[in-house]
Each structure stands twice: as C-alpha cells, then as structure tokens.
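A quick write-up on the structure given underneath.
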C-alpha cells in the first residue's frame, strides 16, 4: 500500500518537475523501456523502472526545454518475440530516441538487430549474459556480467585457502555462464573442482544435490541460482543438509543475497560469502543518498537492489548523454557518450569499457551479517575495475 | 448338397473375466435372412456375446465366421466392411451431427471414400441422396437436418438403426432396439424393424417378450454365458427350463 | 414437407461465404488502417495459424493436446537453425520447418492414438516438456535459454527484404495463413473431415460404422503438427530469433485458451481467439502493466459465463436468436 | 551406503508428502465431478500468503497459523464452489479449463495487488531450522516436520475416506454420481464439503510449502507446480486418494533419485516417468476406470 502511494507521489513529482522545465512547443525526448512488469520476473522489471523514474524525478525530467518521457512496455516474459515487437512499435510508432531496460537476456538478444537497423542506442539495465553486448554496436550495458562476478569470486576463494570447490548452478544460460567462468578462473588460480551439477530451473528441491556435495567433501560449494525463491530454497537446503557442520562453506554470486529477498533468507544466510557489484549498505555518500531517495519514493520496506541500481545508473548514463548533447538525441553521438560513461554510482566507481561497451565494476566480496534487525551484505574486500575477463570485443 | 453357409457362426466361443465366464463355449449359427432373438436373464452374457461378435472383446478361445470367412482376429471396422453391423442398447449417436450427416458419413465409409481429404462432397452428392432416401425409408426424412441431440428419444432409436442400415449390413445385431422408447413413439420404430430387408440376417436382444414373439422366427436362450436352448418361438414358450430360468431370475431380482 | 433438397447440407456447408471473403479482405487491408502495428498483425496471424493447427486436432477431432508447442517450437528451431547455418531462403526454410514438425507429429502419433482424455492431455504435456528440456540441454545447438541468434533471412523471392515496419513479414504471414486456412477448410469439409468430426462426437461408434480411425488420427496428428511447425517457422523467420519459449508449456496452454476462447471446431475460432486475446493483452498490458492479468482473466471468465461455446459459438447462438428458431439447424453448425 | 540411501529416501518422501497435500484436493474434485480446476494452485498460493501474513504480520505462532489457513482457504473454496463452479459441472471440460484459467489470472493479479510482486518467505520457529536426529539419521528439521504432519494428514485422509460415513459418501459419489444420488446422498453437499476440504488442504500445503520452496510469488499458480499437481492426479488415478499419495511419493522419490544418481537427466526424469506410467496405465496406477 505504502509502496503504491509513494510511487504515485513520485510520479506526480516527476511530472510536476518536468512541466516546470518544458516548453510547450519542443517535442519530448522519448525513451522506450522494455521490461518485465508481469509474470515470473515482474519484480525485476518493476525495480528497474522504479529506479530509472527515480533518477528522472531527482534530476528534473527535462533537458533544454525538452521533456524526457519514459514509455514503458511489459513483455510478461521471458518473451523474446513480444520484446522484439514492442521494440519495433516503440521505434516506428512512438519514435523513441533510445531503447532501455531489458530484464532478460533472450529479450535483449531478440531486440539487438533492431537497434542496429534503426540506429537506436540500447541501454541494458540488467540482462547479464556476456554475449549480449556483442550483438549490436548500439548496445551499452550498465549492469554487470556473471562472468565478471564469478571470476572474482574464484580468485578470492583460491586466495583464501579454499582448494577444492563443488559447483551447483541453475541449468540455463546464465548458470552455465557462471559455472564456466568460476571453473576456469578457479583452476587457473590453482584450485580443483570436486564436481559440478546443474539443477533444473523448474524444481525447487536441492537436497539431493546437497547430499552429492557432502559426499564429494569439497572445501566450498559455489552456487548460482536466479534471485528469488530458488536462492532462498538453496540456502535452506544447504542449512538443512548439515553441510556447514561438515566443514563445507557456501559461496555464491550476490543474486542469492539480493536485497529484495535477503530478509527472507533468515539466519540461514548469516556468514554466507558472496561476490557482487552492489550492496545497499555500500559505505558511500552516493549510496546513502540513493537508498534514502529510493525508500522515500517507494516505501521504507523496499530495499533497492542490483536490479534497481542497473536502472538508476542506466538512466544516469542516458541523462548525462542528453545533457551533454543539450537535448539533442542524435543516436551516434549519444552512443559515443554512453560508451565512455564514467561516474560514481551508488554501487561505487562505475565506468563503461569503450571497446566492449560493457560495464566495468568494482566487484566486492561480502559477508551476510545481521544489522539492526535486518540482514545485509557487508563488503570486506574490493576488486576494482573488474571487466568480464572473457570479453575481447 | 451341403447345408447353406450360415451368415454368421461361432464355434466354441469363450471369454471370461477372471472367474466370471461371460461366454462358455458358445456354438451358434445365424442363417441368411434370419429373424433371431437372443434372450436370457440379466447378466446372461448377451451383450458380451455381441461384443465378441463385433470384435469389441477378444475371445479367449473359439472361432467366429461371417459367411464362411473367419473373422476371429479381424478388427471391428473390417468386420463392418464385411457386413457385420450392430446397434447399441444405450443410444450411441453423433450428438452434434444431423441424421443426414451421420448417414452420409457411414455411407462414405461403406463406399471407401471416407478417407478423401482434398475433395469435398460435390462429386459425392449421390451418397447424400442415398442417405436421404434411407432416412425417408425409416420415416426420418423430416428430421434430416435437425441436430441429433435435439431429437426425441424414439427418433434417436430410429436413427440408431438408420446408421446401421447405412453400412448396408448382411448381418444386423440389434441390442434392445426398443429399450426405453415411450409407447407413443414406438410405432415408427417397430415399423422400421418389421420392414428390414429380407436379405439381412437379423439377431436382436430383447427383454420385451411381446416384441420377441412378434418379430423372431427363432430364439436362442443364453444363461450364464451358455446356450440353454434354441428353437422356434413356440418351442421356447413351451420349454420348462426356460420358464424356470425366467421365474428364478425374477425372484432373484 | 421437406423443403431442403436431398443432400444439400454438404455442398452448402463448404460453399465460400461472403463473410469469409470480407474477413480476409479486411485482414489484407491492415496496412491501411494499422500501419504501425503490422508486426502485431503478423504475430496474430501466426498465432491464429497455430491455433488452427490445434483446431484440426481438438476442435474437429476432439483430441486434446497440451504439448502442441512441441511442433511449433520444432518448426521454429528448424527454420531458425537452417537460416543460422546459411540457408537463408525463407520459403524453402518454411517448407522444411513444416516437414520436420510433421515428421515429429507422425512419430508421436503412434503414442497419441492409443490414449484419450486426461491421459492424452498429460502425455502430450509430458512429451512437450521433454522436448523443451532437450532443447535446453542441447544449448550448443539451440542456444539454450539465451535463444538462437544469428537467424538471418534473405529477401522473400529474392525481392522483398524483411523490413522493420514489418510489411514483408505481414504479407508473408498473411499468404501462408491464408493458404493454410484454405487447406484446412478443404479438409474439414471433406469426407475425411466429416469422419474426423464423427470421432469427436463419438469415438466408440466410429469402428462400428467401419471407420479405420487409428490411421486417420495418425494422419491428422501429422498434418496438425506440420501446420504448427509452419506457424513456428513463420515466427522464427519474421522475428529472426528463436527462444526456448517457442517450445514452452506456456505456449501450449495459451493456444488451447485462445482456441477455446474463440470457439473450437468452427474453423475461425483460432483466428477470432487470437485477435481478442492478443489485442486484448497488448491493450491491457499497455494500460495497466502490473495488473493486466486481472482484466484478461476477467474476459475469459465473462466469455465462459455468457458465451460457453466460445466467441464464435456465442455469436452463432445470438444469430439463431435473432433469426428465430427456424434457422436453428443451420446456424448452430 | 545405508545412511546415504535412507537420507535420499527421507528427502524424497518429504517432498512427495508436500506434493500430495497440495494436489489431493484436485484429484478428488476431478474424480468426483470431472471438474478440471486449474485454479487449484491459486488456493495453494492463497494459503501460502495467508500463512505469511498471519505469522509475520499478525504475529500468530506458526503452528496455530496452519489450522487457521486450512479453515480460511477451505471457506474460500466452498464459497467459490457454491457461487461459481457449481454451474459448470455439466459443461464440457474445456470450458472448465478456460474458466479456471481466467480465475487464476485474476488471482495472480490480485496477489500482486495485495502482496506485491516480490517473493515472500515465511519465518518458521527456530526448532524447525537446521538438522535433527531422527532414527539415527541427521535430517533437516523442517523436512521431518513436513513428513510427520503431512504423513499424518495423508493417513487420516486415506483412512477417513475408507472408514467414515462421509468418506463412504465421497467414494460412492466418485464411483457413480447418479447411483449415489439415487441412494439419497446429497451429492451437491458432499461435493461442496469435499471441495472445501480439498481447497483447505491445498491452502495448508501452500503454507507448508513456502518454507520448502524458498518463497512464494504471485505467478505461483501458473508455474511448474501446476504441472506437478496434474502429474500427481493423473498418475495416481482420478479420485483415488491412495493413488495420489502413491504418485506423489513416487514423484518425490524419482526426483530425488534422479538428482542424486543421474543429475544430467534430472530435468527429464519426472516427465519421462509420467509418460511411461501413463502409457502403461492410462487411468493411473490406482485408477479404477
């Protein structure tokens, strides 16, 4: 309830600000958002969109007299053909200047050729599979890649006395991506892989896998599952199978301890080590302000997570480009600015690699702690300027 | 001169479900042109016998022959092609079809054109005409274009026979053709049964003894899966065993 | 006493009606009145074609399938993989999509004709899910959950490139859908089609009128699979992308919903259902992205409450009421 | 070896019992009225959310919340049966499909409105977290709880249907509705009560499932679990309680065994088992027709 009311307030605020700045005769700048607002991934898309709107509301919503409009479309996905159709309609009918959003990899991949054909910058705010940026020269990614995160975690594990790791990932593209990167960089750093399993995406039962892990007696279990119920389920299965007692640590990408769900994990998660690029307790002024503004707009119960920061930073990049072009949304010029973005994000220092147009993050190793009645990811080691290690172009 | 080949015959036909024998070594012959009634108390195995004949049930032992051709192993639809056709005790029609459609479909099967896919009915209008003539013959002409499920029950029973006739049977098995038909609707039905062509051998199951004695020229009494006796209506009416079975059956309820 | 000529029912039924011609003309004119929504229009046509393939099986043959996306997806991946490996000519790619899906349908038909009712529902569902998992496992070939990329399609007939507005895609989908509807129209109005409907009405009786149904059911399952593959191939070629969702349970369920919504066994039920469902979803999700499910659900519920035979069935019943009881026999068909 | 096998067995059974609880209502209603209620998952979802709201917001203890959820969802089920479902029993099954899917869509949107699109998880008491010693085996406490509670309910149901008067009426109605009617059974009332019982159990199962599945979100009733319910119902045989129990346990065990012994085919295993079983016995392993 609170959330909806706050959202309405924020929208009104944004509208009001934009009206102040806008001149009646200048056409608006339109940004077409393609996100999931319904279905299984509704939560992801909602966070991204909310954060992007927050950025606009904070920064005035108009540039050089041109109002900035967000035209958000829901794919209810994963639904690549709908995503592509919506992108086409946004480009052809609504004459948007940029495309943004993109919760899920297949949807981004389906739209990529359109961005090339129509010469529209396409700002990726989540879709975290490595290959995405290679599919169109107009794609710029403001989120992260799983390879980036998993390779850092592998390095950290090898540096910290973990010699033998068992990997467990969800059996789909991102899982395979994370597994590949982790295995590669853990072995390179001198570790050994005790075993690797892929769990069906549609099946909540992890106990048999935990039993296999226990039998293999590794030092640690590396996990990637998508953020949400699976993350909670796998953590509980880890706890209920007595792996900790058997001396097997669990390490994971930060998807599992995503701030949107971390409190649902309960004490099972305390002590869990994850690698990720964003924590809502990242100790910086920028982040504190961000969290405050986010909760002011959408309710104090809602915690901004990596989805939201992708949307926020993506909008930051777009806004910055538009300001520098003085409200002129020429696609190629905007692209040139976007691919060179570098700023202090709530997540920490963030920049885009001009060659790959991919996000470059500081990846943090964090530990789950209880802090004032809630669970948080406390960062304790940083790996600055991390790129997706397998990305060459 | 040998005896003429019966239209339908079984020898040693047996079938049981576990301990329950529904057919116990039945030897039976239906001469061409017969009007034969199959009677017996409830549970005697009359309907099972028909199911064995049509191939809906596979016998445990014994043979079935149709005009001298062994059909024991033959699937149902091929028996129909050879002229062995039945009707059902519980009306089994095509509820959303018109009678004309039901009959035309059956005639198409008979003529071997029912598998035609890319040509419509334009060149087959003679088959629809035949269906219509058949409907007229059994007094259903005015219902030809009605939806079957909207027809009164008596008309549906008539259609049941009409569909069977459209397959142009040589042997027609009628399973309680008049069951449940109210008296005021039964006239047309009885007329249609009486008017069945002479070259069709007809066997029917019936409980209504008036009907049995009105139409049958010969009768088989089936009890507990076995043939109790066979004979003309007069002989059966006199038979002490039959009386006992029927009385007993009544008392058993 | 009898006003209709003997045998008239059949020829009249299969005669082309003015309404049908108008419908197809109206669709053909879509570029004139919705020039900005041609991609949606072609996706509706593709879905209508997919629903038509199911109609043949479910609406006419009475055989439920909750795994029909298996054929759709097979067609999509066939067309997509061909294009990805350099065979970019669309028409031959589409034919291949149809044939491969039909072959799968033929193979599956040996299992399917042995079953009916809930068992059939669940086995088709199971086979569909198995194929989905297989495509996910063969990520090296299919691209797995990321989807199949690099699907590049050459211009249609070497002349008309697939443009962004979707004009070529629309014309292409229109012509294929029109051809498929004409074919299915033929089939359902043929003696074969009549016996198929006879099976729907009363499967047990068919053998007793001498019909060898097993062979025909295999055939119709094969044709239905081929048409579904055609639809899948069209989607792959016009979207130039194939996602795992092409094989998904959601797609199988959705096409069943679309067909029942429009009304099964009426040829155009799938088209009407696809129009209502997809335009409804587009409009509702635009107007109310978070809660459009509610309104779509409400539409389904209301259709069931007030038009239990689907939209076309409801329309037919309304016509009957307007024309009076005399026309009952005809219009309810 | 023995420990390994027993642990596997234990985990598989716990999962199976959970599936049974959530699916049994669907089995009975499909068997009795031939009513295909695809909205069944929505009742489980409602139970899940109610359980969460009761325990976390209203502060009701977990164990007390469970019966409340059962009663509340059962009442909702009865209400929907009387006002909506009842009029469709004579309609074709495809109509049921369309209608109940429509309702499910509405439920999904409704849950998003009330509880938001984020996943919601349940806080369970500390004694249900971690591991417990059971018959010499280290097992997950919550799973043990699930197995005991679910097992007790399952046994109560199976025997209740065999032994009680109401159970006899339910069985008679499943076997032959007309016959039951002619015996003077108020079939409508039996069905309402059964439907309420089935919905209540789905709700209870949903509440118990939250902690097992990790959490619940609005898309839950359209997800893969609906497929699992249908598998339990059909493989068990429509309307057969014992069959549904056997099928659910089999499903849980097959899933556990496949994941443990052959994880590569784990995603295929359940569907493969289902297809084979239904080819072998189209009316289910304990189906009557």
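Just so it is clear, A, B, C and D label the chains in written order, and each chain counts residues from 1 on its own.
The criterion applied here is as follows: contacts are C-beta pairs under 8 Å (C-beta built on N, C-alpha and C of every residue); 3 or more make two chains touch, one makes a residue touch a chain.
The structure displayed is predicted, hence computed values, not measured ones.
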Neighbouring chains shared between subunit A and subunit C, ordered by label: D
Reference subunit A; chain at largest CA-centroid distance: B
CA centroid of subunit C to CA centroid of subunit D, Å: 33
Centroid spacing, where centroids are CA-atom means, of subunit A and subunit B in whole angstrom: 73
Averaged-CA centre spacing for the pair subunit D and subunit A, given as whole angstrom: 35
Centroid spacing, where centroids are CA-atom means, of subunit B and subunit C in whole angstrom: 41
Residues of subunit D engaged with two or more neighbouring chains: 112, 117, 224, 267
Multi-chain contact residues (two or more partners), subunit C: 133, 136-137, 290-293
In subunit A, residues with contacts to at least two other chains: 38, 42, 46, 171, 200-201
Touching chain combinations (by label order): A-C, A-D, B-C, C-D
Complex contact set, residues of subunit C against subunit D: 58, 64, 111, 114-119, 121-123, 125-127, 129-130, 133-134, 136-137, 249-250, 253, 256-257, 260-261, 264, 290-301, 303-305, 308
Of subunit D, residues touching subunit C in the complex: 30, 88, 91, 94-95, 97-99, 101-110, 112-113, 117, 222, 224, 227, 230-231, 234-235, 238, 267-268, 271-272, 274-275, 278-279, 282-283
Touch list for subunit A against partner subunit C, complex: 37-38, 42, 46, 72-74, 76-81, 84-85, 88-89, 91-93, 105-106, 109-110, 112-114, 117-118, 129, 131, 135, 171-174, 176, 200-201
Residue numbers on subunit C that touch subunit A, as the complex places them: 36-37, 39-40, 43, 133, 136-137, 139, 144-147, 149, 164-166, 235, 239-241, 243-245, 281, 285-286, 289-293
Of subunit D, residues touching subunit A in the complex: 4, 7-8, 11-12, 15, 112, 116-121, 123, 129-131, 138-143, 211-219, 223-224, 252, 255-257, 259-260, 263, 266-267, 270
